[in-house]
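Letters A, B, C, D and E mark the chains in the order given here, with residues in each chain numbered from 1 onward.
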Amino acid sequence: MLIAQVLLNAVVLGCLYAAIAAGFSLVWGVLNVINLMHGSFIVLGSYLAWLAYNALGLDPWYVLIAAAPIFFVLGYGLQRGLLNRVIAAPVLVTLTMTFGIDLILSNSMIKVFTADFRKLILDPPLGVWQLGPLVLPVDRALVMVLALALTGLLYLLLRHTRIGRAIIAVRLDRDAARLMGVNVNSVYASAFGLGAAMAGCAGVLLAMIFPISPLTSSSYLGKAFAVCVLGGLGSVPGAVAGGLFLGLLESFGALALGPEHGTTLSFAVLIVFLLVRPHGLLGKRGFE
Amino acid sequence: MTEVLALESVSRRFGGLQALQDVSLRLHKGEVLGLIGPNGAGKTTLINVITGVHRASGGRVMFQGEDITSRKPYQAARMGLARTFQIVQPFPELNVLDNVASAALFSQSGLTVAGARKAAEGHLEFVGLGSVSDRPAASLTLAMRKRLELAKALAMKPKILFLDEVNAGLNTAEVEQAMTLIRTLAERGLTIVVIEHLMKVVVDTCSRVVVLQNGRLIADGLPHDVVRDPLVVEAYLGQKYAKLAQQFAQGEQR
Amino acid sequence: MNTTTLLEVRAAQAGYGQVNVLWGVDLVLKQGEITSLIGSNGAGKSTLMRVLSGLVALRSGELHWEGIRLEAGATPASLLVLGIAHVPEGRRLFGAMSVEDNLLMGAYARKADRTTIRRDMDRVYTVFPKLFERRAQAGGTLSGGEQQMCAIGRGLMSAPRLLMIDELSLGLSPLLVDQLVQSLQLLNREGLSLLVVEQDVVTALELSNTAYVMDTGRITHHGHSAALLKDPAIREAYLGSAYA
Amino acid sequence: QDVVRFGAPLPLTGALAPEALKQRQGYDLWAEESNKKGGINVGGKKYRVEIVYSDYQSNTPRAVQTAERQITQDKVDFLFGAFGSGAAKAASTVTERYGRPSIAAAASSEQVYDQGYKYLFGTFTPNSTLTNPLADIVKTKLPPNSKVAILARNDLFPLSIAQEMEKSAKSRGFNVVFSEKYAINTMDHSAALAQVKAQNPQWIFMTGYINDLVLLRKQMADQRITAEVVTMIAAPAYKEFIDAAGQGAENISSASWWHPALRYKGTDIFGSTENYVKAFEAKYKSTPDYAQASASVAGALFQMAIEKAGTLDPAKVRDALAALDVMTFWGPVRFGPTGQINSLQPPVFQIQKGKPVIVFPAEAKQGEFQMGVK
Amino acid sequence: MKLNAYFLMLGLIVVAAMLPWTDSAYLMRLGTLAAMYSVLAVSWTIVGGFTGYPSFATAAFFGLGAYTGGILVARGWPLSLAVLCAALLAFVLALSLGSVLLRLKGHYFAIGSLAVVEVLRELANSSTELTGGGMGLNVPMSSGGSIAATASLFYWFMWALLLLCFLMARWIERSKLGFGLACIRQNEAAADMIGVNATLYKSLAFGFSAIFVGAAGAVYAAWVNYIEPADVFDVLLSVKPIVMALLGGLGSVSGAVAGALVFLGLEETLWRNMLEMHSAALGVLVVLLLLFLPHGLVSLPRRLARRASGASHD
């Protein structure tokens, strides 16, 4: 029974992880940028949901509709205005740039929102489903479904649209993509904007479950990293697979070795995974 | 003639694709072997298997009587197997001299950095890049890079030299210069394997030609015979070329 | 033969960073013609092509399309819409994309519907059956010659009016060069204009109607290909002693 | 007028910021109160109190640097300890090295004080003084051999108090069926909680700082975990915890080093507990809890020791502190041989109807211990 | 150009030698930290700059060194011996990890190296008997000596480490090893083909890059007297050296030192002057530097010269 409950928890958690990582994976796999701002975007999304709920009484799932364009524009602007100027430079330069911008972002968030942990407490609460001996909090279930829907949308977008193919082409060869008539700058910025939108939306959803504070951004970032490695870079199905895998690993790791070892185990497995399957569970070399 | 390299039914798969199938081949010291075949026939793959870049999925590679099937590329290099890349691979930030010096330095033991540079100068002169030795490799034109690639391979004091399309992209005059270089090397007794689509080069420099198609050897013989082989004509040369070759051969006989 | 001018460049100067590569180049491409561009290594042939496709900006000089002057700073996207496609030196395939996706990228700038694109793709596959065999393989793992086919096929997918191919025969087997030349001539008869850079001078001059010879950033000769093929100076410089 | 400078390295930003801000309120209140009365009387001369704050961002190594910088750069005469057992312990190496008396206003673990340091004092009694009375009360309510589950943050204070809890529980015949730690920054406790639930314990004991415990409480509810007794340390005393946990706070029990409902008559600057609470409410419009009161009393104790020593000489003030035996609004104060207070009886309380209600000791008791946490 | 590096080092040594005479504990602390940061940045340059492998493992070796040193010192070992042990252990670990980890390329390597930090941190966290776990480890003050004397002991120790580290990096740069690393960085497949034993070379680079980081960790532990896993295995310890190296100019040893000094200067100034917004201000500076000085401080003289000579296009 315990096993079944842990399994259920793990799957739910895994889907959340997938939503956390999908945008990060996209930006990393496609733009070849490790976006250290990703965690802050998520937190910012959570604040958006929190503000909307407390100030306007808007439920998070409505906020989702607004968050996507807002964060898209934010990401698009940051990429166009700052990152794009060093996009041709080696990986480390763009990484450092996102590190710098993230310092600004997170410090500003602390200034504006303080480091206090906030909670978005839905009133009335959504309650808990009792499925026989198993329990499933309704908010988690809802977030899981919405998160999966979001990732699914992203997948369709990348897979079956012109812009999706263009994003991949630009990643592989800028000049050749230009020759195909792709507006490279706008594709880069769009990809980054998509990544940011995914992060923002994930943040909105997670606000229903996790406490909100600028300080949590690094844990989100850490999860995103792990998911990408486990699932494979730049691939949406990979993010889902990686997320589920991480969820399982952490939950059963905690069960077997004690709660504080869940993360250790997942990182140890991560190293092993890197060595035997550097492209992750579902990753092709660098994109989907 | 001593045998330096022997392939014993070497095979290599990529997923569902059989890139090489039971290739058996012997190479003797001092030979200049032409390796030709249609695009995608497996020529580059064959070199990659011999030099350890890819592992053979079946068969053995013997070098001077020793089994080197599972050698790593750097080990193969140190044993005297040098190759040029079909798509040139210089160290872009190093200057031309250091590109060549690096080849000398790491393929042989007992050289110092200074010694390797000294040795490199000679090779650069030989390929005609002496005047650009301090330019970064990234700034060279294609023809120069191809020659740089050759100089690097030579600096490794190879026992066998694999030239993968060193002439592609060169104009006719430049090709002639390159052929002169290859012939000089052959005269010095170096064993050379030439992959080339320019039949003129193959016919004029090789002492023997083998033909790969779909991963299998389909012909082996003297250049003039091979280019007249109907199988080869059909798979690789085309009628137009065959006619040209015919004229050419007749011209030579006259 | 229709002789309206398609693309014309006048007094073009262009280069990279501090260095100038083109020093006042004039070149006229006529509708329905195959033009070849030959010259020694580093002469600036590829650079000129990049100028014509908008990859490299003109430093001075003018670009005209069907008699209308194009604004400075034309991008590849805008030129592609006019019908100019460029198969670049070094092929520049999207290495991790499948052959088929590479071809689809060629049609990126087109506003055509799926069936038209599908039809054009089938045509490319008829010209290069090998590509059809390898259509699901990643571009980067193709053999050298297969990559060349894929690059040319990708260029064709934009349904261009003018196709520019840098280093046409590079790495292709003699048989394939033959077939390619025939295919290009066929496409040409159907109305496609071509600009071809080709190291094999004989092939270049046999394929083209008009030819330009370039040396250190300037056009040194131009005229009918057949005439140039007979010109002793050209033979001496580009065919080497054996052919002189 | 002359000033005497006190250094207060605090985690004003970062994870521990909410608690650091409380401490700052406590220090400020004392400084204001003291200066209102003319300052500290040092051998007949009045010195104004000045507190130098610096933020170490909830980052322990920075706390050490900050403390050192306050001594060497800001030239403070005395220091308050950094927040929490971990940082206070780390920073105490500096004050010891420089020979500056320092009072830790938020460090209760014995591991902080057992280093043989002479200049370190603390206002909190050891962790066992919380767990023992708790276990005593619960013992009277639950059948013998009841099951206890303990979940602790992997951090100095929580681990230390969890160890004490385990000891207290075992020695009273409880059956400790689960005792695990969770990593700092854990956001999802569902795996650990599922295990707790599977054990079906009567008493659940959880430790951590406020953010951890709010989260744990919510996720317990998500998993429909209930127990006869749920104890959390150290957060339920804070109004912020009660607000954040809402209904979930009901019947959560805890213990703390001080409670505003206590009634001590002190000789310190604030006088009685009542006076202190009144002064605090006047200034901040809210009721103080132990985090604020501890900071204020640390200041008040410094003042008493300095006035007694009649000098600002660090060594003399240190001796005066060590010899202190006074009554304050915080309770009777005497520092034991390690420098930690050993003269207090911390109250046990429970959240009832959204208010902390003292259930022990008898003299301060406000209500009965209630069973059942849903 | 080459002289410049030595001039920089010489200048630094002179300044460093004078610092203790200022008798300012604050400056001494800053000076010690400066040397420590420089050690980290220079060490990172060996693997990140020379070899082109973006390592995030710095914190792993630092933490390992800190705990090794801390535990040994706490058990009464003399500092120098403890530091030696820490350095050795870091070297051995890096060497053996390197041969496995360095099979990964680019981003994957970055993640792999980051994961090593996480795993070691959690190991330290959970081996409570040895390390004290989350409760931290007290490293008792080295006996005797005044405050000033202890401060300058650590100060000189750290600077000695920096000098050795600097010399080692310069030596590697010129040696056959350095040459091979440059080849690997630019084109690993081609390096393989000319006979470079890439696995060995990369592992060596990784190993050498760990030695002094481990040593610095050990000195740090004794210096601050108290360490905990979250502190010495802090990911920022991995990120900062990269920022410093980039500030200085990727791949340049003296650039790394210059970058470390400038970074520390900025960090400290901002921290002192704008407490609440200092990290945002640091972020702004990082962004500006990347935008306007993408090739780092080492490119500054050349740029200035170019500006002065009036060449306008860029």
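Miscellaneous remarks
One rule holds for everything that comes next: a contact is a pair of C-beta atoms (placed from the backbone, for glycine too) under 8 Å apart; a residue touches a chain by one contact, two chains touch by 3 or more.
Note that the structure is a prediction, hence the values are computed from the model and not measured.
Counting hops only between chains that touch, chain C reaches chain D in a minimum of 2.
When chain centres are set by their Cα atoms, the one at the greatest distance from chain B is D. The most distant chain from chain E is C, comparing centres defined as mean Cα coordinates. The distance from the centre of chain B to the centre of chain D, with each centre set as the mean of the Cα atoms, comes to 78 Å.
Averaged C-alpha coordinates put the centre of chain A at 49 Å from the centre of chain B. Between the CA-based centres of chain D and chain E the separation comes to 38 Å, rounded to the whole angstrom. Centroid to centroid, with C-alpha atoms defining each point, chain A and chain C lie 43 Å apart. Shown for chain E are the residues that touch two or more other chains, namely 122, 125, 276. Looking at chain A, residues 218, 260, 263 sit in touch with two or more other chains. On chain E, the positions that touch chain A within their shared complex are 48, 54, 100-101, 103-108, 110-112, 114-116, 118-119, 122-123, 125-126, 235, 239, 242-243, 246, 250, 276-280, 282-287, 290-291, 294. Chain A meets chain E in the complex at residues 28, 32, 34, 82, 85-86, 89-93, 95-97, 99-108, 111, 218, 222, 225, 228-229, 233, 260-261, 263-264, 267-268, 270-271, 274-275, 278.
The residues of chain D lying in touch with chain A in their complex are 13-15, 17-18, 58, 151, 154, 180-183, 185-192, 194-195, 197-198, 210-211, 214-215, 218, 221-224, 244, 246.
Residues 51, 53, 72-74, 77-78, 82-83, 85, 89-94, 98, 102-103, 105-108, 112-113, 152, 156 of chain B are the ones that touch chain E when the two sit in their complex. Across the complex, chain A meets chain C through its residues 162, 165-166, 168-169, 172-173, 175-183, 284-287.
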